[in-house]
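The next block holds one structure in the form of structure tokens; read it before the comments.
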Amino acid sequence: MAVNDNKVETVEKAEEKKPELPNTKEGNLVRELLEKAPYAEGSVRREKRIEFRVPAERIHEFLELASETFEMLMQISVVDWLKENEFELVYQLWSVSESVHAFVKTRVPRENAKLPTVMDIWPVAETYEREAHEFFGIVFEGNPRLGPFILEPREYEKHPLRKDFNTLSYVKTIYGEDFDRYDESKTNYVI
Amino acid sequence: MNELMIMLFAPLVAGFIAWALDVRGIREAVGVLGTLVPLGVLAKYYSTIAGSNPEVVTQTITVGGFKLIFQLNTISWYFATIASLIGVAMAFGMVSTSRSSYEWLFALMSYTGVLGVFLSGDFVGFFLFWELMTFASFMMVLKRSRHESLKYFVLSVIGAYAMLIAIGILYAKIGALDFGTIRQALYMDAMLGSISKSLTALVFLLFLTAFGVKAGAVPLHVWAPGAYSEVDQSYTAFFSGALSKAGAYGFLLLYILMGAKLVAALGIWHNHMVFSYIIAWLGAITVVVAGFLAVLQEDIRKLFAYSSVSQVGYILLGLGIGTPLGFTGALFHVLSHAVFKGLFWLVVAALVLRTGKTRFEDFGGLAEKMPITFAMSLIAVLSLAGIPPMAGFASKWLIYEAAISAHMPLVAGAIFLGSALAFAYVVRFLYAVWFGQRPSDLEDVKEAPLPLLIGMAILAIPNIVFGVAPGLVTEYLGKFLGNPVGGNYYKLVTPTGTYNALLVAVLLVFGLAIAGLIFIYGAKTRRIPVTNTYQSGNPVTEDYNLSMRRNFYRPLAEALDFWLKYSWDRFYERLAGIAEDFADFLREGFYNGNVQSYAWYLAVVLLILALWGVL
Amino acid sequence: MSERKNDEFISYELKEFKLFEPLFRWARKKSLWIVAFCTGCGGIEMPPLATARYDFERFGIMPNPAPRMGDLFLITGYVTPKTLKRIIITYEMMQDPKYVLAHGSCPINGGVYWDSYNVVKQLDKYIPIDVAIAGCMPRAEAVMQGIMDIIRKIENGEADGWKRYRENYEWYRKNQDELFGEGWREKDAKRWLAWL
Amino acid sequence: MFDWKLALEAIGMVIYATFMGFIFMGIERKAMARIQRRIGPPIYQPIIDTLKLLGKKESVSHGLIYDFGPVFALGASITALLFIPIANFQLFSSNADLIVVAYLLEVPMLGIMLGAMSSGNPYSALGVQRGLLTMVAMQLPYGLALIALIQHWGTFKLSNIVALQQVHGWSITVPALLLAFIVFDIVFQALLGLEPFDIVSAPAEISMGPMVEYGGKHAALLFTQHAVQLFAETAFFAVLFLGGASNLLELLVKQIAVLFIAIFVASIYPRFTIDQAAKFFWKWPTIIGIIAVLLTM
């Protein structure tokens, strides 16, 4: 009976998430993908925009599934959750046929974050991954040109867009102390 | 009287001596001496030929039953002097570029051949020396590349056979071989008309192919690019400077010997002689086609080879116009082309000698390394492009005058296009070789050796002298053309136009003075390196080559891609392929190896002979 | 660009043609050529200046793509180190009486990007600025006013940014090398070779 | 034997031509501005520009040929100018004819190309390539127009052509020469490097084409050369097709008329790419030119 119960719960928990999907075009899209990829969770944010959450190790497989309907990879953006000590990668896909956006989100631990490259699905991903690597330090296995991209030689491997990168002190070292001629004390500046 | 013989055979003898004692120093000295002798003899004869009472120097020798007549009149003196001038420059060039006595032998042999062609008074001598000249130049090309020499050989053989048949027909009809009697007979025959119209047309066509091959008219120009580039470059100065003039001399001979007969036979169309109209259009097409091909070349030698073909097209065009003014223009262009093209080929010889490269993409920034050669090539560029105070412009101006006043507008239009193309490929040569960043392997290039520089100087001086004083040449040419061009030595006056070369030069100097004054008045100039150029702000480094040396005229190639699909070269290669397959088919057919079929062949042949009643 | 020795740049002496100087000063005032190199976000302000409404051409001002012929160099907005390299190279290519017009507060003290790692905080340390205009992207009228200031300064000889650059060239040079490192021109040129 | 009157006339004409050339360039910029409903610079703006360029404190050079280029171009332009019969001054036009002047008007192109090539800048190399291709493209119609004119009047000498036109009326009254006029006008746009064919110094694409490395006094020389060239070419056009002029004022009116045709065409048309320009020149202008030439056979 107990087995039955928690099965029921899981089913029910799964269920109570599934029925919310409206049977609009976006809803059907999410439902199809979720059937093929049970490990993911999907939701319809609004008309023409859907979201998926995928665990980091299944991301490549999920993206291959998604690439049939979502032909274009628009961007790979990275969000740095410093408090949860995690990076969140958002693969923004666009389906030309259905004209729908899909945001596939994954969570990766901050220290030596590793992810499989998606260049085999979308070759354009090379540039986005290089940028993500340069600014955040995420290593994409399989991307041949992960080295320096557009930053000045000074800022290689410094991953300046990370939250814990102290821009103020870095700027003071580069441009010298007297760069701010109005000398209001900016030390306790609250961003 | 035997000075003619000395002049004629001196180079041949010098060639053999140079070939025999193959010693570095002596061979060059003998070679140069061999080329100087004819020039000296010709200079001595100038007073007798062009003096107050011009008399023709003749010399007859009998060889194996044939009586060879050699004559030196105004035309042959003119052509012989040009050939010997280029020969001397070639000799000086070869002193520093050729290493083997083989080249000296055949270069001097072709020199004798050309002199023989210009001096011979009858068809036997003409043909013998014509063949000697072709054989010698063929051997020169053979030394470097078999394929090109084969192509040159086949076309020359076709030309030679055509000439032989034409001479045969004339001999059969007239019974004599020397020019005087032939001219007289054909002149008389023009009225009587005993030689039929179609036969005259055939003879004209045969002579056209014979001389067209040597001059390099369009359908038969295929050998020129290969042959000119596969030979020691300083010999090419002679090859394209003097040998192609033999073809032009042939066309002139056509006018002298058969002019009246051809007019009578082929008639007049819109008051142009039909046969000269054909030659004029042949020249015009050569100018335009070779010009477009020259512009699109990637190899420096190919560019100048096609440019030579195009310039000889100008000469044919000048001859084709038919009026005395046209002849003066054409013959002046013979001189100016020989001079500036010889200079170009010596410059190319210096470049190839010093850098060992021939394609445009390997050159660059040599102006600082080889300043004198650069100055010489600048003179040649100004002359070829037809910039007023230079010889090139004077002859081109005469050809324009003749073409337009003879009511041949479309032909004159072709020259306009041709001279613009000449301007384009000459500037492309300047840019690719002399300016821009220097490739790293050309750092240690030294200036050209002294003998080569002397050769270049020999050819550069006439460029300027005849440019500023064109009257000298037109006055001499006027002797046998009934001086159509008046005016004194620095001013050409034709019935419809004038060109005062000295005044143009003086005013150019005056203009340069004013511009120089403004330039000196301005602020001090600071010399900056090549890498300090505006690359929209990006820093420029020495080892990334920023100059456009490959495919410089790619848009022109795109605009012409409809025409570039067809190429004479491929047409001839395909023709050769067909001939080869047919020959293979025949070989398999007959020589199939079993004895019975041979026996059958024998029987059939005997039967035919029996029926014929010969057996 | 090959390493520029100091003396070769400074050896030039300021020969003033006394006789024609007022004429040249009038000519410089009346014909300013803007180097068509919009460095920052304010570049979009230049085209309206050339249209019918403002028309700087009536003052003889003409946008000119070649720095060798240009006189007026508009620094329109924030300056990143990458752009600063191009600015320095273009500025040094311009012929001598040259003027710099800086738009907005970013070239002065980094403005809104005061704490960003890749915005140059004080442009004055690298190239001399003649006139700076206020406005986080000044409108076309403000730019025109700036140009009028430069013309007024040329008139009474105050616009001597180029003289300042030439006289204390080592100071400017030291700041530039401090930011980019010694011999940055050669290094940067070679860095892009891998891409071509 | 040196006749001073002619020398003074020549020097006076050179100064007058340079001044008027600058004014023509000023008119060109002013007219284009007025067409775009802008006020536009004062007419004498090019003079101010040249003075400013001459006043530059320092000039930069890439070598001897880099300096020789503009000097040779200006010298050749002045030479070409002195062979055109301008109004009642015959200058040296009795010593040269149409073909010599046509060639002399093209020689400055070589001067500019020489200088541009030696600067080693890829933009100027591209400018040189485009300049040469434009010249190759426009040479055929240009030649045909000139040939038609020569065949009709039967003489090459410019002074004779002017005299004949005074007698028989302007060349454009003759139908065949009207066609030649149209062809020459199209070619005139390319000669001056104005809009439809200003691919040579395409300002937006390759930053002033051949002139990218020129600054200071070199640019001043090139500006003066362009001014003299503009005056010489408009005078050449007026002499050939609009019957020369008896006095300078009449010549000025004709030159400005020719200039305005060029300006109106220039301010309307976008720019041809280089192979479009070649294809265009070898299609319509050449056909019209051939018709004109055959009509005047």
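Residue numbering begins at 1 within each chain, and the chains themselves are lettered A, B, C and D in the order written.
Note that a residue touches a chain if its C-beta (ideal position, glycine included) is under 8 Å from a C-beta of that chain, and two chains touch if they have at least 3 such contacts.
Here the structure is a predicted model, which means the values were calculated and not measured.
Chain pairs B-D and B-C differ in how many C-beta pairs they share in contact, with the greater number at B-D. Centrality annotation: D (chain centre taken as mean Cα position, compared with the mean over all protein Cα atoms). Taking the mean Cα position of each chain as its centre, A sits at the greatest distance from chain B.
Work out the mean CA point of chain B and of chain D, and you get 35 Å between them. For the pair chain B and chain C, the distance between C-alpha centroids works out to 58 Å.
Rounded to whole angstrom units, the spacing between the C-alpha centres of chain A and chain C is 42. Taking each chain's centre as the average of its CA atoms, chain A and chain B sit 74 Å apart.
In chain C, the residues that reach two or more other chains under the touch definition are 12, 15, 66-68, 96. Residues of chain D in contact with two or more other chains: 54, 56-60, 207, 212-213, 216. Taken pair by pair, the chains that touch are A-C, B-C, B-D, C-D.
By the touch rule above, chain C contacts chain D in their complex via residues 12, 14-15, 17, 20, 23-24, 26-28, 30-31, 33, 36, 51-52, 55, 57-60, 62, 64-69, 71, 94-97. By the touch rule above, chain C contacts chain A in their complex via residues 81-82, 109-110, 114-118, 120-122, 179, 181, 187, 191.
Residues 523-524, 526, 529, 531-532, 534, 536-544 of chain B are the ones that touch chain C when the two sit in their complex. On the chain C side of its complex with chain B, the touching residues are 1-2, 8, 12, 15, 37, 66-68, 85-87, 89-90, 93, 96, 185-186, 188-190, 192-193, 196.
Listing the residues of chain D that touch chain B in their complex gives 14, 54, 56-63, 65, 67, 70-79, 82-83, 92, 94-100, 103-104, 106-107, 110, 113-114, 117-123, 125-126, 128-130, 132-133, 135-137, 139-140, 142-144, 146-148, 150-151, 154-157, 207, 212-213, 216-217, 220-221, 224-225, 273-275, 278-279, 282, 289-290, 293-294, 296-297.
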